[in-house]
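Take a look at the structures listed below.
Heads up, the next two complexes both have subunit A, just with different partners, subunit B and then subunit C.
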Partner chain A sequence: MNNTNIIGVYEDEDVLLKAIDKLQENHIKIADVYSPIPIHGVFEKLKLTTRLPYATFIYGAIGTISVFAFLYWTSVVSYPLKFGGKPLNTLSFIIIMFVLTIFVGTLFTFLTYFIREKMYPGKKVTLPVPRTTNDQFAILIEKDQNMSDLEVKKLNELLKKTGAVEIKESE
Partner chain B sequence: MEKQLKVGEGFKIIGFVLIAFGLFTVLTGLLTGDHVRTWANLLLNNYYFMSVTIGATFWLAMQAITQSGWSAAYVRIPQAMSNYLIVSFILWAFMFFGLHDLYHWTHHDAVMHDPILLHKEPYLNIPFFTIRYVLFFALWIFLTQRIKKLSLEEDKIGGLTNFNKIEFTSKVYIFVLAITFSLFSIDWLMSLDPHWYSTIYAVKKFVMAFYHGIVVITAIAIILNKLGYLTILTKTHMGDFARYIFALSIIWGYIWLSQYILIWYANIPEETVYYVPRIMEEYKTYFYLELIVNWAFPFLFLMWNRVAKNAWALLFVAVVLMAGQWIELYMSIMPDTADTHNITYIEVGTFLGYFALFAMVIAWSLARIPLVAKNHPYLIESIEHH
Partner chain C sequence: MYNTRVRGILIQGNKTYSDVSRDIIRPMDDKTPLWWWITAFLATGALFWGMWGFYNTISTGIGEWGLNNNVAWGWAIINFVWWIGIGHAGTAFSIFLLILRQKWRTSINRAAEAMTIFAVMAAGLFPLIHMGRIWDGFFIFPYWNTRGPLWDNFNSPLFWDVVAISTYFMASFVFWYIGMIPDFATIRERTTSAIKKKVYGILSFGWIGNAKGWLRFETAALLLGGMAAPLVVSVHSIVSMDFSVSVIPGWHTTIFPPYFVVGAIFSGFGMVLTLMIVMRKIYKFKDYVTDGHLDAIARILTFISLIMGTAYTTELFMAWYSGNEYELFTFMKNRVTGDYKFAFWTMITCNAIIPQLFWFKSIRKNITIVFIISLFINLGMWFERYVIVVTSLSKDFLPATWATYEPTITEIAVFSGTIGLFVLGVLAFFRFVPTIAISEVKGVLKETTTLKSFNDE
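Coming up: the complex of A and B.
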């Protein structure tokens, strides 16, 4: 399949945000935005959705419940040992439950993210613009197969007008 | 740019009626023999609105020292709230008539026969207590009014001079608050039970003040926006306010647990005496309600991003959390003073009276100053905030 993309490279986040607005006014579908820093507003502008927070919530809840179940089983059911006059089902569970909720939530969110993004340690970088990990921002537009040369040229001009410092095509 | 706030006639009438109702309940309470209970309620409401104001002005100082951009359009709300401190100073003065009804350590005979109170006597005595009250309020009023004055001057002359002066004054104010507000909470709330002490008590009360201060600022911003003023309020601003409330709900829960779990775990009678009436007897409902309303509810509700950016949902959270602060203070004050565990006309009436007074003071103060600090260096960043 012929999957080339047109990429506009920007050097300032405010210019990038205005460029997104401009492109969307012209009904151009933006496939992705690359940025070295999280920018507020890009996510909403591109109307992206994610289910990752819900997954995190579920992992956290599973963490709380399973840690409580483990603590309850060890210190109440399996080996009930009274110390310091405290009840078996004790309040001090809360500290470990709190810590492990965060741990389980974070760890499994990372794992989910890695699996969904098909990432693994030692994977080769596949960035269209390598400097997007440093000081540049990039807008990626999918090039349609039946896009005429004139349309591509118009798109390039539009990107240049919005302040792109570099425009390139890549796979 | 933003139009000037006008206080409506209906608002004034409702306000005066509620204040009259509050005054009526307080007088009835005092005349029908419910002395202790009425004084306890007055203390509760005095502390409630004073701490909300302190929390809001602390937020203002925080924005100044961190040079936050997003909040620059909202600095006038806490600045207007700071006027309430002057009213609060007068209202607290009446509390001195009720000292004997509330504070065990003010009784000379009791102190003389009590080694612990005798030991604390150099700090807990009425003259020094009064000096502290006057000094603390004088410092708060002076510093908050100075910040307000500098900000209003900035409107006229512009430039960075006033901005830098506000930043410096805010640093002083935060430093002063750390000491004075802690001691003020210890003086007026913790000394209700002079035998008991907790080293985290003042921290908890401070977090409560900060938490509910933000809640009130958010509520005022949204109400002004709904009334057609402060049109610059966007979803991202509300999201940031909601983030503040969300984060502080966790901090509040953390401090609550820090106090409770250490006392519970150490199980020393002189410390647990505080929680015995609160968790084992009639106050049980309030005990759990305090935790659910102030921590569990905002934590779970504001987790949802869509809710955190919805004006009506945030207003709902604000109303619930204002009730939450009332419950927290009720739990701090009532078991040591009136020992009543039901809510009657005295509780409702006093709160409504104070609430109306607080709302009117803020409305009038806001009406007297421009709603937006037009020469604030970060104003454009705040409006364009995304």
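Coming up: the complex of A and C.
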């Protein structure tokens, strides 16, 4: 997979959104979009979804259950000790369960995010257009090896027509 | 995430995206200014003094403090609750305003969250120091031990505190850090210095800002925010239970959890206001933290101040209405009048009366006065904790055991040490981290500029 990409650079998110529409009308597959801000239109148009909330829910549920199991085991099974005449298996466990559910949910959501994004401290990346972290937006289209020069030229023209300020090719 | 338009122009001066990056990163590229060194020097001095106090406490014992059999909780718990209260603002600010779709949070949330982190750090030191035998601190964790195994008392609010505060610290830090990743990437791509490129490259975790990345980023931020929001309420409710589950007059009341949560948000917003005014002044961020932002915070403070006033009145009323003479004594003879009346009336004046000046538009517009009032709020909230802790303990059921409490130099040193720690943290934040969330400001920028041209037509 040593494909080159054709990249259209834009300077406004509304122009970018219109460009995505235009490209999709022409049945061109958009590989990725780089932007300095999250753009909801892009998520919708590229039909991107994430299952992160389900993961968080599962972590939270596991957290609640395992914390209760631990509290029950320590206070009722391992070393039953009465405090202030309260029952061994008390309602006040809810407080620790509540807080630690959030603890587990937060920590594992955070970790899952980095694992799914394959991000870690010190990861080296080269951005196709470095200014996409500052003030530019980029549409990345994979250049097929079978693409004829004419098709590439047409694509470039199309990008130009949609308002791209710069069009370039990169690895 | 944002659909409502309430507040009009949030970012002044018709900025472009690159203007925003440039303006916010500028203070980090400039030479370290003189005020920074002076403040850092003073804060380090305070920190060293605090370390002396810490050493004194640990090497000699808690006897170095002004505590006695009655007043077993003194400045340590007062300062702990005060810092935790301040530490509530960041997350409260960020997350409640996120949920309420208040876009003006974008200029302030980063600084408020940073403040949270350092305030919680300062707060966390107090229980550790108060332990006396700090080397046995790990006893608090329910680890597999050879004493039975004997576990913690899971019904104790003091244990809940440990769990709640460590969770709060972790959640706030994670939420804060994840929000900074795109901004670190912005610095990484913009900077010309090789060291900065390396450091911010590591900090940015290889962020590229592609569509899927942003989607996951927003979802993660929303999830973390949603989970931290109930935490804001639970942490200070639990802190209040340290007091209210006891049978001490003045503590044993059901109003405590909401009263503490509101108080915490009040003191936190007060500190946010103090810091934002300083930050916009020294960094010339008037276009980002506009008068409108400060006005909004001032309005919120007016409202919270009313709730505080109501809580104080309710406490007094209930002391009388309950028919409990110990309660009545604590409130009427030991707070409103008596040895601690100065602290009580300072609390009432600073928290319930002075912030009411914000009803006047001319006062909200005068930033100097707003700044002074914000300092009064910080002070008043400290006195609130002083009133609660000291007055209730000093004169309890047996007049023979009554005692008064004065802090010793060691306690003052420890407190100033935590202030030094907090200030150093904030200074490091001012210097090495983008103080305003760049990507979030950019996110609301377009809409506000559109709104401006819409108004011009």
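Here is the rule we use: the second predicted complex is superposed on the first by the 162 of 171 C-alpha atoms of A that agree within 3 Å, B and C clash if a C-alpha of one lies under 4 Å from a C-alpha of the other, contacts with A are read in each partner's own complex, and residues count from 1 in each chain.
By definition in this document, a residue touches a chain if its C-beta (ideal position, glycine included) is under 8 Å from a C-beta of that chain, and two chains touch if they have at least 3 such contacts.
Remember, it's a predicted structure, so these values are computed and weren't measured experimentally.
Contact with subunit C, but none with subunit B, is seen for A:132 once the two complexes are overlaid on the shared chain.
Look at A:17: by the touch rule set out above, it reaches subunit B but stays clear of subunit C. Looking at the shared chain after the overlay, A:26 reaches neither subunit B nor subunit C. In the superposed model, A:92 makes contact with both subunit B and subunit C.
Of the two partner chains placed by superposition, only subunit C is touched by A:113; subunit B is not. When the two structures are aligned on the shared chain, A:41 is found in touch with subunit B, with no touch to subunit C.
Measured by the number of subunit A residues touched, the leading partner among subunit B and subunit C is C. By the touch criterion defined above, A:170 reaches neither subunit B nor subunit C.
In the three-chain superposition model, subunit A touches both subunit B and subunit C at residues 40, 53, 84, 86, 92, 95.
Taken together, the subunit A residues at the contact with subunit B in this complex read 17, 40-41, 53, 57, 84-86, 91-92, 94-95.
For subunit B in complex with subunit A, the touching residues are 236, 257, 261, 264-265, 267, 303, 305, 386. Listed in rising order, the residues of subunit A touching subunit C in the complex are 13-14, 32-40, 42-43, 46, 48-50, 52-53, 56, 60, 70-71, 74-75, 78-79, 81, 83-84, 86, 90, 92-93, 95-96, 98-100, 102-103, 105-107, 109-110, 113-114, 116-125, 127, 130-135. Within the complex formed with subunit A, the residues of subunit C that make contact are 1, 16-18, 21, 142, 148-151, 153-156, 159-160, 163-164, 166-167, 170-171, 174, 178, 181-182, 185-186, 188-190, 201-203, 205-220, 223-224, 227-228, 230-231, 234, 238, 439, 442-443, 446.
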